[in-house]
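In what follows, a structure is listed as structure tokens, so that the remarks can point back to it.
Chains here go by letter, A, B and C, matching the order in which they are written, and residues are numbered from 1 within each.
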């Protein structure tokens, strides 16, 4: 390698190792970012993911504006922010200013996300949503980026169940279902049209392999004694134009096979065929006696493969199957609830699904019926879910700092546009109470005393909180050897 | 007592490592050890015990415990100094002002750390700077560090020699934030500084801009020569600097133009968008970063300081590194002539009073404007009868003070001028 | 509004004493009720109910509602309970609720951003400054014709598309409003002109079919029009 490494001057060597040179170039903004095509947008809104490096500086240098760039950054803005975090879009511009803005939004969001101990899992299909099997994106069978040549060869042949190709998350071709018409036209004219002859060669090889297989099987049927290795395989050069024409005509009738071939040639991302003509029930119309290689197993077929690694670098945990320990109540069955913000209530100017902000990420309420959902239950005695979470249905101006709710997050995954989707679970009142008590928002003991001192217990606890119930699942002091038969002892 | 506990924990090993235990150390070791005290005494401070045991005959009831404790602590500090974490020097933005780097400290690392390599946006460059540019990164031109270092060393050499030859140096930095840099460089190099707007015409039209600017004449050891030259100073025009160092040439084009008209050499920090031919000695570097400017300013200031130091040493050894300006030479010759004439006139008058009237032609040669002043009392001529002006070599180290209002008193000991403006 | 238990079914159910007690308690919170006062008095003597029995309330009431006749009676009870809210107290309550709802909607109008799943927000995004930006109508930055692969000259008959690029007074919208490239803007303008010239789109107003559909959206004639033809 000494020959390839050119000798450079000491200044050049120094510059190569400098921090300015080690700044990565900014990545592309979110694809399919259609907000630019709308009338209502904000340039300064926090983007779905960071595109620039975050830079920080020691406090002494920050006081004089020295951030290591061409000129000192203005003190008025940079010294007043809580966190010394900055993203520099241009080190110098034509206007002789350094273009920068605060980067605390993404940086602090990352920090908050790490505090959640969340692991990223492969997306779960909608029909499995109720009882999903969560697979980490870091599992060996899932986490590979480029198809190895051996894998590609395997993909050419008959499909095997252990084919890992369908499980990968990175494809060289686009995800057709996520393209607009204009993008698709451009892709066809720019990328695909130039590869016609290449595709014909691909078809030749394919046809040659098919012919070899057919001949082998026919010979095997006729004469069992002939060894198959003795017969030479059909080569791609031996395929005549007429054969190829015939084969192409056949393919035009078999749309599914054609799609399979094209997607293998272009390495297209798998497309969900649940609603299309390629749905399993419809296939018999085309080729009744044919075995089809479906890409149904790809977890990214429904919503598209992610543009980054499916963990987006936000978390490197493989699982959430660990127990949290509480100093008083011992090991907890569930993870600590997360205090979330009700960003959009259900009934506003535009009635829509409420949006919950969990540590800076907007999440939908659970799709199944939970305490978040709007329906009244059949039983009239239960606490109506409409009032269970204050501020969920209507904006509550009396709440200082906005309405909050404690939530449980099941899993996270990255969608095709690079956004993080958090899947929320139904609330667990006991876990909420434990967490509230930990952060000092709820006093179990005072609550219990108050309950006991009231002559007539209330039927319902206002504002959606559950009563204190000493004989519940979480542990108590006597159970863990702390002594005392009642709460008064400690 | 934290020190003592720490000593108990760590001190024994350290003390054991020292080969011969001196008396103080032994005592210290005993004070530290937990075994010598035996049974714990209620009031047992080991230091007290040691004091009582060493001086049993001392009747003083209150031994000097503070001194003893202090000595013990010092001893411990000496012995325990190599133990534990070493606190290394970390970078602080004030380092460049507390301990300014000199020309010997110029390294590529220092220049890179002070952002000297960052030029301007690639589209606003001046192609004359192509030879200083290393490449493009992050959309900006990168200035070659080697070029910067070489040019900075050359400029430092220029400043040093000008200071050595008694020249008048002016540091100019008129952008906000450059005040401290400029004043520090001027203080080091015993030079002048300017951190406000350059009044156009200060050099080319100094008779109007700087009328009656107070100046002073000093000798080779920078001592003022007294009122002997007051007559000359009254007629004297304002001074022109011998070297101008400009931190931001882009905003000071007028000044650089005047300097070039007056044949004053200039040193300037040339960023990639600046025309390098505006200055005589260009230093290709980033002119926006205050950190870079502080480094360059302090290097040049240190260079000037070295030049001044060398000049003073030579002056003490009797070597004068500069020549007396021609106007002062001329003035001194006239003064000597006048002294001779007045002496002769006095002698003739004395002879006339003794013998008769003197010749009238002599009094007519005396210029009428100097008639009210007696130059015979100038110390230079009065020290002895010989014309000592050449031996004295009075320096016309005339300081031009551009902005006296903001100048500090100790910028240069030679500045004894009164403010020119009323404010 | 707190949950209610159908009045008659409360008596019909084989309920425990705790059930009556809680029922009475709830009534006492709202309004003095005549019928259940005796029950509440009798129930006050009983020991406080355990939490488990309160949790079992759901199942017990479910059991009671399974009979067909009880189902009919519960409908009747619903009707009656609705009539009960017509009392002055109930009216006051309804008025208060409506007023609270109006206040909430007024606040929500100040937060015009529609959040989507996966969006990020920082404290700045919830600020008034950002809200003002989302409320303002700005020019479109990306060319929708290129993005969607449209061919404008083929769409002259699609009056909803034509109307999109016309003002209510029949002028062609300018590029600042449409956000199109010069090339596509020319095509769109030609599409509008062609459509008007063929007589399939009115030249002075919106298409009547569109007007009919968005009848309730039509603003007053006296309403001020903003920079982008939007109504202020």
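Observations on the model:
In this section, contacts are C-beta pairs under 8 Å (C-beta built on N, C-alpha and C of every residue); 3 or more make two chains touch, one makes a residue touch a chain.
Treat the numbers as computed from the prediction; the structure is a model and nothing was measured.
If each chain is reduced to the average of its C-alpha atoms, the one that sits nearest the average of all protein C-alpha atoms is A. Farthest chain from chain B, judged by C-alpha centroids: C.
Note on chain placement: the centre of chain A and the centre of chain C lie 30 Å apart, centres being C-alpha means.
Annotation: 76 Å between the Cα-based centres of chain B and chain C. Chain B has its Cα centroid 63 Å from the Cα centroid of chain A. The part of chain B that touches chain A in the complex is made up of residues 92-94, 108-109, 112, 115, 117-121, 123-124, 134, 137-140, 142, 144-146, 149, 177, 286, 288-291. Residue ranges on chain A touching chain C, taken from their complex, read 34, 36-49, 104-106, 108-109, 180-185, 343-345, 347-350, 352, 355, 357, 360-364, 377-384, 387, 394-397, 402, 415, 417, 419-421, 456-460, 467, 469, 471.
Across the complex, chain A is touched by residues 1-6, 21-22, 25-26, 44, 48-49, 51, 54, 57-62, 65, 100-101, 103-105, 107-109, 111-122, 124-126, 130, 133-150, 179, 228 of chain C.
For chain A in complex with chain B, the residues that touch the partner chain are 9-12, 14-15, 18, 20-21, 23, 60-61, 63-66, 68-72, 90-94, 96.
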